[in-house]
């Protein structure tokens, strides 16, 4: 079932390990098949060394029912499901505990857009959610994590801001494919690292002007993009 | 004698080197055979490149007597012995000088639980011992290091807090097996690194709420754990 | 066309990836053929794994016209062209988003010459440009980036200061060959990293005295240099 | 001539590269043959990839005359010569620009003994020289660097403090053999890194008590040492 998607999702999970975003078995990547509204995701607690496409679990996005696979899906599955329902056009999601992005999530601060490296990928600060309430933590914790992310995006376009920090927890990143979601997770980690170093070096760190932010974002995104090959 | 345990202990010692927790020959891992109350531990000052299971030394936990092996055991052996006597159910102990955990030990501060990465493994701040007294330093220094750790746990459960910082020295971590102790030592180092970055990014860093701490710890530990495969 | 130059430029692009200056496909190196006033440069958005000398693009420095190659040149091409026109004797240019140099660019600060490592390669602080104006950002953004760099060098010798930070963006480095430009980019990243660590360790960080700066720069450069083999 | 020494010195030079203490061709290791008072040292500006024992240069310690080899010796040769003349019993010297130790040298501060990792190798703070005078910088710069180090040790035992920071420049480390000098250079870099992290984590960082410092130093050094195998 959905063999190509499971292969992509397996490769994307291995890619976040390879990119240094993962300690032990932390982190998971999922992918969506929009036609059938099915999601493929890493199984829970399986080591990256043993991960193969036949261990990837497939679920129905709307019901959350497991459609294929013998292992239990990632414990963060409900968060992924909520995000696919909330964000149209997203077909890959990465959750990691990558060091620098997690530190900003633990500091409970959005990451300011201090430079064009940031602007090439994110059209403004990387948002940070509010802390979940005690009720949200106690009951449907993972689904509520997704709902609090969605709430953070009420006035934000998830395609222009394809990564978020969950306060006290860590980052999520997404994109039109699992591979693009991995790319955004890699960029987020680097941007978080640069932002900390920028604040250490500057007496009065300031985000770049809006004009420069837009110029760089639009060099790489949208109909007038001119970065890369056609 | 205890060949399987010596193999596990040898593998665990090599694992801390592989994980980047070790400079030169610093650090040592031990394992316990609860049935015979025997402990296997790395020999003193032997390079990791030359370490094999037949160089691992076996001692009686209660008397400290060497039961097997031709090399001298780690100079930190008395600390390990005291911990196995004090903490029931612990069968693996790691001592390292891993960079970030050691820096917190040198700062003589517990590591606050700033996020769920921390809470997944440690149910609260990673404790830091008091500094040893001059008498403790001068006489049974290594055994007293163990006693000061045990003293720090008078009101703490070592299974819920499987790592500690010894003030001015460095970290110890433990678990139900040598491999699990290594895992906790790896997590401790990453959590220490993230905590420093969190404090650099936040004006007013705050630990996560107790509800979130418990939710994450209990996702992975105890009878209602739902992380990983059954 | 210009096969040897394309090979050098390809090798120099791979060298900045190998040296850890590059995330994803960020960064580009160019080389000049002074005889024909032609420039060879990396194509836009091509992954380093797939880069070969036949994918390098050749352009006329003065007209900016593509002379050879089927791919689109780097989107930063206009910046490189302006610099070759402005700085005589430069035949290699590196643009990267290397972590520490970019952080200083984002902090919008020159990097002070805190030590002899710096002075061995740069004869004074690494300059930082002013922020571009909104008009410069909106119109000929990449060419104006080159013009603002040239403006920064009105009273500076580009051979004595072979690297610069573009405010809010990142570093450029150059030299008499693409390989020497790569070397300067590597040194810049290390010098930026050391400068941040110096400021963290010192209450009152001070640049080294002029005499020491000159002594070290002239050990390695100019007619009385005595470093290396003759 | 002195083939075994040249092999040791070559291996030690490669070891500092392997240990991550070296960027480009920076750094050099020398070794002494006490019987003939001859010193073997890396040639100047030769890349580590091309270094072989037959490229190592041999000089007379007292006259500074080249005795063997076709290449020019390291430009730091006069510093090494002065140190072998000044410090009895030292037969290996490492000079590097390793990142964290150089940052402390640039901050012009001794590295406090914040923990037992430090105390295991250095019996107190790692000293930092005064800045050279303008006259010292202008004339016999490299020899005067050695003299200023020797001056710093008027009341210090070089065997108990086998590493030093030269203000505004970088570290030197030494030992009874080139290999031991390399070990001290590796420890120095790690200790410098930990000290910066300790100061970032602690409100009021304090060196460890003298009793603990001595206990750890003497565990590994002197007639009552009990670390390692006999």
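Order of writing sets the labels: A, B, C and D. Residues in every chain begin at 1.
By definition in this document, a contact is a pair of C-beta atoms (placed from the backbone, for glycine too) under 8 Å apart; a residue touches a chain by one contact, two chains touch by 3 or more.
Quick caveat, the model's predicted, so the values are computed rather than measured.
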item: If a chain touches subunit A and subunit C alike, it appears here; value: none
item: Self-contact between copies subunit C and subunit D, residue sets same or different by half; value: different
item: Greatest separation from subunit B - chain, by CA centre; value: C
item: Distance between the centres, which are taken as Cα means, of subunit D and subunit A, whole angstrom; value: 46
item: Intercentroid distance (Cα basis), subunit B paired with subunit A, Å; value: 33
item: Set of subunit B residues in contact with two or more other chains; value: 195, 200
item: Chain-chain contacts as defined at top; value: A-B, A-C, B-D, C-D
item: Subunit A residues within the subunit B interface of the complex; value: 23-24, 26, 43-46, 71-72, 75, 97, 99-100, 102-109, 131-132, 134, 137-138, 141, 168-170, 195-196, 199-200
item: Touching residues (chain side subunit A, partner subunit C) in the complex; value: 114-117, 183, 186-187, 190, 193-195, 197-198, 200-202, 205-206, 208-209, 211-212, 215, 219, 226-230
